[in-house]
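Below are two complexes that have subunit A in common, paired first with subunit B and then with subunit C.
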Partner chain A sequence: MSTATTTAVTTPVMPARPWLTTAIIFAALLTVPVWLPMLGGYTALAGRVLVLGLAAMSFNLLLGFTGVMSFGHAAYFGLGAYGAGLTLKYIAPSTPLAMVGGVLLGGILGSLFGRLIAQRRGVYFAMVTVAFGQIAFYVTYSWDSLTGGYDGLRGFSRAPLNLGFTTIDITNNSTYFYYFLLFVFAVATGLQALLLASPFGRTLVAIRENERRARFLGIPIERHIWMSFSISCCFTALAGALYALLNNFADPMGLHYSLSGEIVIMTVMGGMRAFWGPLIGAALFVVLQDYISSMTVNWMSFVGLIFVLVVLFFPRGLLGMLQKGTEK
Partner chain B sequence: MTSPTLPAIRRRTLIKSSLAVAALSAPPIISARGEVPVRIGMVDPLTGTLSALAVSEVEGAKYTVERLNKRNGILGRQVELLVEDSANDVGTGVQKTRKLIERDKVDVILGDVNSGIAYAMMGVTSELKVFHMVPGGHTDPITGADCKWNTFRVCNTTAMDAAAVTGELVKRFGKKFFFVTPDYAYGHTLQANFIKNLKALGGEYQAELLPITNSEFSATLIKAKAYKPDVLLNNMGGLAQINCMKQFTQFGMQKEMHLGGGLYEIESVRAVPADAQTGTWVMEWWWDQPNVPEVVAFVADFRKATGKTPTARHWFALVAIESIRLAAEKAKSLEGPKLALAMEGMELPRDIALTAGKSFFRAGDHQLMTDLFVGDVHPPSKGNPDDVFTIGSAVPGEVAAGSVESTGCKMVHPA
Partner chain C sequence: MLQLVLYNVTNGLIIGAFYVLMALGLSLILNLSNVINFAHGNFLALGGYIAFVLTPFLGYWGALIVSPLITALFGFAIERLMIRRVYSRDPVYSLLLTFGLAFIMQDACRYIWGPSGLQTSIPDILSAPLSADLFFITWYRIFMVALVIAAVSGLFAFLRFTRVGIRIRAGTLDLDTVSILGVNVGMLRSLNFAVGSLLAGLAGVLAAGQVGLNPNMGDDLLMPSFIAIIVGGVGSLTGTLCGGLLIGVAGALTTVFWPAASEAVIYVIMLVVLILRPRGLMGQEGMMS
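Coming up: the complex of A and B.
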C-alpha cells in the first residue's frame, strides 16, 4: 500500500515589483556604451553577456520554470551558431535570415530529440541530454568539409541590416551591433515573459511544483515538458545564432558539454527561480572570466570558488536573494 | 551533550569581504596620459595541451620587451606587453583579441600557438585593421590561400617543414610512413604536405587523425605496429605528442621503426624518456649553431636574463617583436597598413635573424623566409640537458617554401 504524502506547494519567487527590476536592468543595458568603458570594460564584453544571458534564460525556462534538468543545452546553442554561419556562408548574406537558419537548425533538432526523451525524468533525462549533446559535438567535429571541423566554420560575417528606408551598419560599428543584440534580446525575453505569464506558463510551474498533482488534474505532462523543451531549445539556438554573429565564426566547442555546465552555473548563480536571475549569473560569470583570466591562468578555480560560495550562502541565487529581501 | 559547531560565516560578512576584494582588484580608470607606451597584445594558450609552447613564447616576448625598454623602445616609446590566455579555445581566443584591441587599445597583436585560433584571430584583426604577427601557428592558409594584408608569420608553414625533411627520411629509412596527426588545421596541412612529398618519391602510407587533446594512443600504435612502417611520423603537438612518445616507447616500438616528422620541439623532447629522444626532425631554430657569433651572444644574454636556454618558441617571439620595431622605424608609424607595407620584403639583420642564412619577410605572402634545420634528436650529451639535437643540414626557407603562387596567397591591401 502506498503512503499518501502531502507536499507543501511553495509559491514561486516573483519579484515584488517586477516592472522595477525590468526597468533597472534595461536602463543599465541601454547605457552600456556610456558607462562600461569607464569601468574598464568594452562593448563586445556586454554583447557576450547578452548572448550568454539569453542562452541561460532560455535554459531556465526548462530548469527554473518546468523543473527539468538538461546538461546538454550547449548542443542547441552550437547548432544555432552553425545554422547562422552556414546560412550566411552558403545561402545568403542576410543577418535576419541567418538568425532564422540558426533557430530552425537548433530548434527542430531539439524538438525532435525532446519528443524522444519527454517521458524520462531526473538523472535519466539529464544523462540523455548529455549524450545527445556529445553526439552533436562529434558530428560537428568530424564533418570537416561542412563545418570546418575542430577549427570551426569561418568565411562568413554578419551583414548590414537593410530596413528598406535605411541601412544599419552592424558589420563595422560595434555600438550599433550591440544595440541590435539588445533589441533581439529584448524581443526574445519579452516573448519568454509573455509565455510564462500565460496559462501554459502557469501550467509549467504547476508541473515543476508537483507533477503528480498536475497529472491528476488531467494535464498532459509529457506534452508540456516536450513543448517547454522545444521552446527552450529554440531560444537557446537564437542565442547561438547571435553568438555566431558576434564572433563571425562558429566552432564545435560551442556544442561541448563544458559549455552546458557553464550555462547551468550561470543560471544557478543568478537564481533559477527569478526571471532575470540567469542574466545576472551570466554577467557575473563573463565579467569574472574576463578580468580574472587576465590576472591568472587559474581563473576557473576562482570561478569555481565563487560558485561554491554562492551555492552555500545564496542558495536561491543572487537575484533570488535580492528579491526575497525586498519581499520582507 | 551538545555537539561542537563550526564558527559560522555570516552572509553579510561574505558580501562585505567580497566588495572589499573587488574594490581592491578593480582595474584602474585610465585618464589621458602624455607619453603612452607602445602596447603589444599577445594571445596564447597558457592553459591546455599547448601550454608549454605558449609559456616559452610569452617568456621570449617578455625578454624582448625588457631588452627593448633598456634601449630605446619602439619609436622612442616604452613598450608594454599585455598577455591573455586563449585557453586553447577558439572562442576565447577571439574574445581576448577583441578585448586587447577594443579595451586595451593595443597597437599590434601577436598570437596564437594554436593554428586554428591564430586563423580565427585574423578575422578580428583584419576587421579592426590592426597589425597581426603570428609567431608560432603553422597551418598554411595563414600565409597561403587565406592570407591577409595585416598578417605576417615568423614560424614556418607546414609545407616548408614537410618539404625540408621528407627526402631525408626516405633516403635514410625508407618509403613506408605511418602518420599520427592531430585533427585540426595544423595537422591537416602538415599531413597533406608530407603525403604530397612522399607520393612524389614513390612512397606509401597509412594515417590516423586524432583529437588535438588526445591522451590515449594504444589503439593507434597497435595499428602502426601492424602496418610495419619504416618511419612513424608523430605530428601531434605539445602534451599529446609527449604522451604519444611515452606510449610508443612503452610498446617497445623504437626497436621496430624510426621516428620522425615535422616538429619535435625542445619543450617536448625534455619531457619524454631517453628512449623517445630520437628520430629525424625539423628544428625551426636551434640555439647551438656553428659559426654564428650572434647566436652565441644571444644565448648567453638570454641565459643570464632568464636562467634558461632559448628555444625556437623564444626566438619566434623575439623575431616577431624586433621585426615590428624595425618596420615601425621604417614606416615611422604603428598604423596597421603602414606597418604592413614597411615589413614586406624587409630583411632582418643577423643579430635578430640569429641564423647564418638570409632572413626576410616575403612580400607576396608575408611569410618569414629563414633557414630550417634538419637533424637528429638524441638524449642529452656533453652533460648539457639542452643538447638534444644535432644539425644535419640547414635548408634555406625559400627552397623549402616554393613559389608564392604555389601557396595560393593573393595579397590585397586596403585602399
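Coming up: the complex of A and C.
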C-alpha cells in the first residue's frame, strides 16, 4: 500500500535514502558544540537554527505536504514565545510548563482561526493568514501591561530541568541547553515524520496533489486542512516557546509578518518537498543573515536579494535539487 | 463634540482614500494575475520620492502628474523583468518575490534619500484652511479627496469604456478564454500592473504632502489595504472601494471614543466579516476559494 502511494505521487514524501539523510543531519547536530566554535560560530547561533528550523519544518507540513500557503506563521511562533514567557513570569518557573503554555496559546488560537479559513485556497489563504497574523502582532504590541508592548516581554528566565532523580542546569550552561533544544527538536520532528507516514499524512499529500480527486474519494478536505493547519500551528508555537527560552525574552517583532516571510523563504530555500529541507534552509538563512548583518547596514537589500534569487533561479531549493539529482 | 466627530470623519475619509488607492491597485493585480504585491507600499513610497526629486524642475503640479507615470513605468518594468516569470508556478513564489522586492526597494529608498523623514512643500493656496470654524480642513485635504475621487472614477471609466479595460475585466473572469480569443495576455498583465503602480504612485505623492516622506511610509498602509480587499470581497473593485472607506472611517470614529482601539477596530471588522460573510461584502460566491 505504502509503495503504491509513493509511486503515485510525483515527489516522494521522504528523500530516496531517508535514514542516511537523517543520520547525517543528526550526526552534524549532535556534534555542534565540537565543530561550531572551530568555524567561528557560537552555540546560540546553532540554537537559533534549531528553533527556526523547527518552525520552518512545522510550517512545511502545510506548504510542502498539504499544499496550502500560509503567510502568517510568525503569529503562532510569536504566540508560542509569549505563552512560554507569560507562563514563566506569572504562573510557575518551570521550563516544561512554559512549553505547554506556549503550545496551548499558539495552538488554540491557530486552530480557532483555521476553522474560519479552511475553505480558502491559494493567495487568498495567504492574504487572510497574513492579516490574522497582524492581529496577533497588533494585540501583543498594544497590550502594554501584560506583554511589555514595544519593548517585548522581559523578566523571566528558563528554569533548570528537574527530572526527579537529578536536575539539569540548562539555565547557565549553554551546551546543556543546546542539547535540551536538540532533544525537543528530535522528538517534534520524529512526531512529524510519523504523522506524515500515517494514513492521515498520506491523505494530506493526496490533497496537495489533486484536491478534486481527493474530494471525489470522499475525503473531507476542509476538515483535513483545518487539522493540518492546527497541528502545524502547535509545532510552530512549540518552536516559538523554545525561542523565548533561548533568549529569555519574547519580542513583538517575532509576530510580525516579515518573520512569516522569512519562515517561508527558509522552507523554499532548503526545499519544500524534502522533509529536512526547511532545516537546511533555516541553517543557510540564519548563517547568511548573521554574516550579512555584521558586514553592512544595508542587510535588508541583501536579504531581499536572497528572496529574489531563490525564487528566480533556485525554486526547488537545495535538497530539492539534490533529490532530483539522485532520482535520475 | 460634533466638531470632534466631524474632524475625525474627515480624517477617516482621507485615510480611507489612501486605503482605497492602495487597495484598488492591489486588487487589480490580485484579480488578474493572482499575485499579492507585497511591494505595493514601496511603490507608494517611490512615487512620493520621485515627486520630491522632480518638484524643483517641474514644480508641484508637474511632479504630481509625472511622478505617478514614472512609478507606473517602473512597475511595468518590474513586471516584465521578474514577476511574469512566476505566473505559471505555485503562488508561494510570487509572494516571496514581491516580499523580497519590498525589502530591496525599502532599503534602496533609505540608501538614496536617507533614513529620516523628508518634508515636502505644497503650494500655499492648498495649505490654507477652509474657514475659521473648519480650521482642521485645509484646501489640501479637499484637493486630495477630489483627486482621489477623480482617479477612482477615471479607473472605473477606463475599465468600462476602453478596450484594454474591458479586456482586463474579462481576464479577471476567465483568462484562458481571453487568451484564446487572441488577446496578448502577457502584455495585458503588464499594463494592468502598471495601472496598479500608477495608483500607488499617486497615493505616494498625495501622502507626501500630508505626512512627509520616509522609506517605510507605505508599510502602515499595506495591511489595511489587504483588509479593505478582504472586507470588500475579493474580485470586486466596488467592494474594495467600499471596504477601504469603511475601515478608514471606522478607525477614525473609534479614535473619538476609544483611541487605543482605533487600529484594532479594522481587524475586528475583518473578523466579523470573515465569520458572518466569508466572501466579503460584495464578493462573489466562490471567488475566495
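Note that the second predicted complex is superposed on the first by the 311 of 328 C-alpha atoms of A that agree within 3 Å, B and C clash if a C-alpha of one lies under 4 Å from a C-alpha of the other, contacts with A are read in each partner's own complex, and residues count from 1 in each chain.
Here is the rule we go by: contacts are C-beta pairs under 8 Å (C-beta built on N, C-alpha and C of every residue); 3 or more make two chains touch, one makes a residue touch a chain.
Since the model is a prediction, treat every value here as computed from it, not as a measurement.
In the superposition on chain A, A:Val308 makes contact with subunit C only, not with subunit B.
In the superposed model, A:Gly190 lies in contact with neither subunit B nor subunit C. After overlaying the two complexes on the shared chain, residue contacts for A:Pro96 are found with neither subunit B nor subunit C. Within the superposed three-chain model, A:Leu116 lies in touch with subunit C and out of touch with subunit B [touch as defined at top]. In the superposed pair of complexes, A:Val128 makes contact with subunit C only, with no contact to subunit B. Once the two complexes are laid over each other on the shared chain, residue contacts for A:Leu45 go to subunit B alone; subunit C is not touched. Using the contact criterion defined above for the overlaid structures, shared-chain residue A:Leu63 touches subunit C, although it does not reach subunit B. Overlaid on A, the two complexes show subunit B and subunit C touching no common residue of subunit A. Against subunit A, the residues of subunit C that register as touching in their complex are 30, 34-36, 38, 82, 85-86, 89-97, 99-108, 110-111, 223, 226-227, 229-230, 234, 260, 263-264, 267, 270-271, 274-275, 278, 288-289. Interface residues of subunit A facing subunit B in the complex, by the touch rule stated above, are 37-45, 48, 141, 144, 149-152, 154, 157, 172, 174, 247-249, 251, 253-254, 290-291, 293-295, 297, 299, 309, 313-314.
Across the interface of their complex, subunit C is touched by residues 63, 69, 71, 116-117, 119-124, 126-128, 130-131, 134-135, 138-139, 142, 257, 261, 264-265, 268, 272, 298, 300-301, 303-308, 310-312, 315 of subunit A. Taken together, the subunit B residues at the contact with subunit A in this complex read 9, 11, 14, 25-30, 46-47, 51, 84-85, 87, 89-91, 94-96, 98-99, 102-103, 115-116, 119-120, 123-124, 127, 183-185, 188, 211-212.
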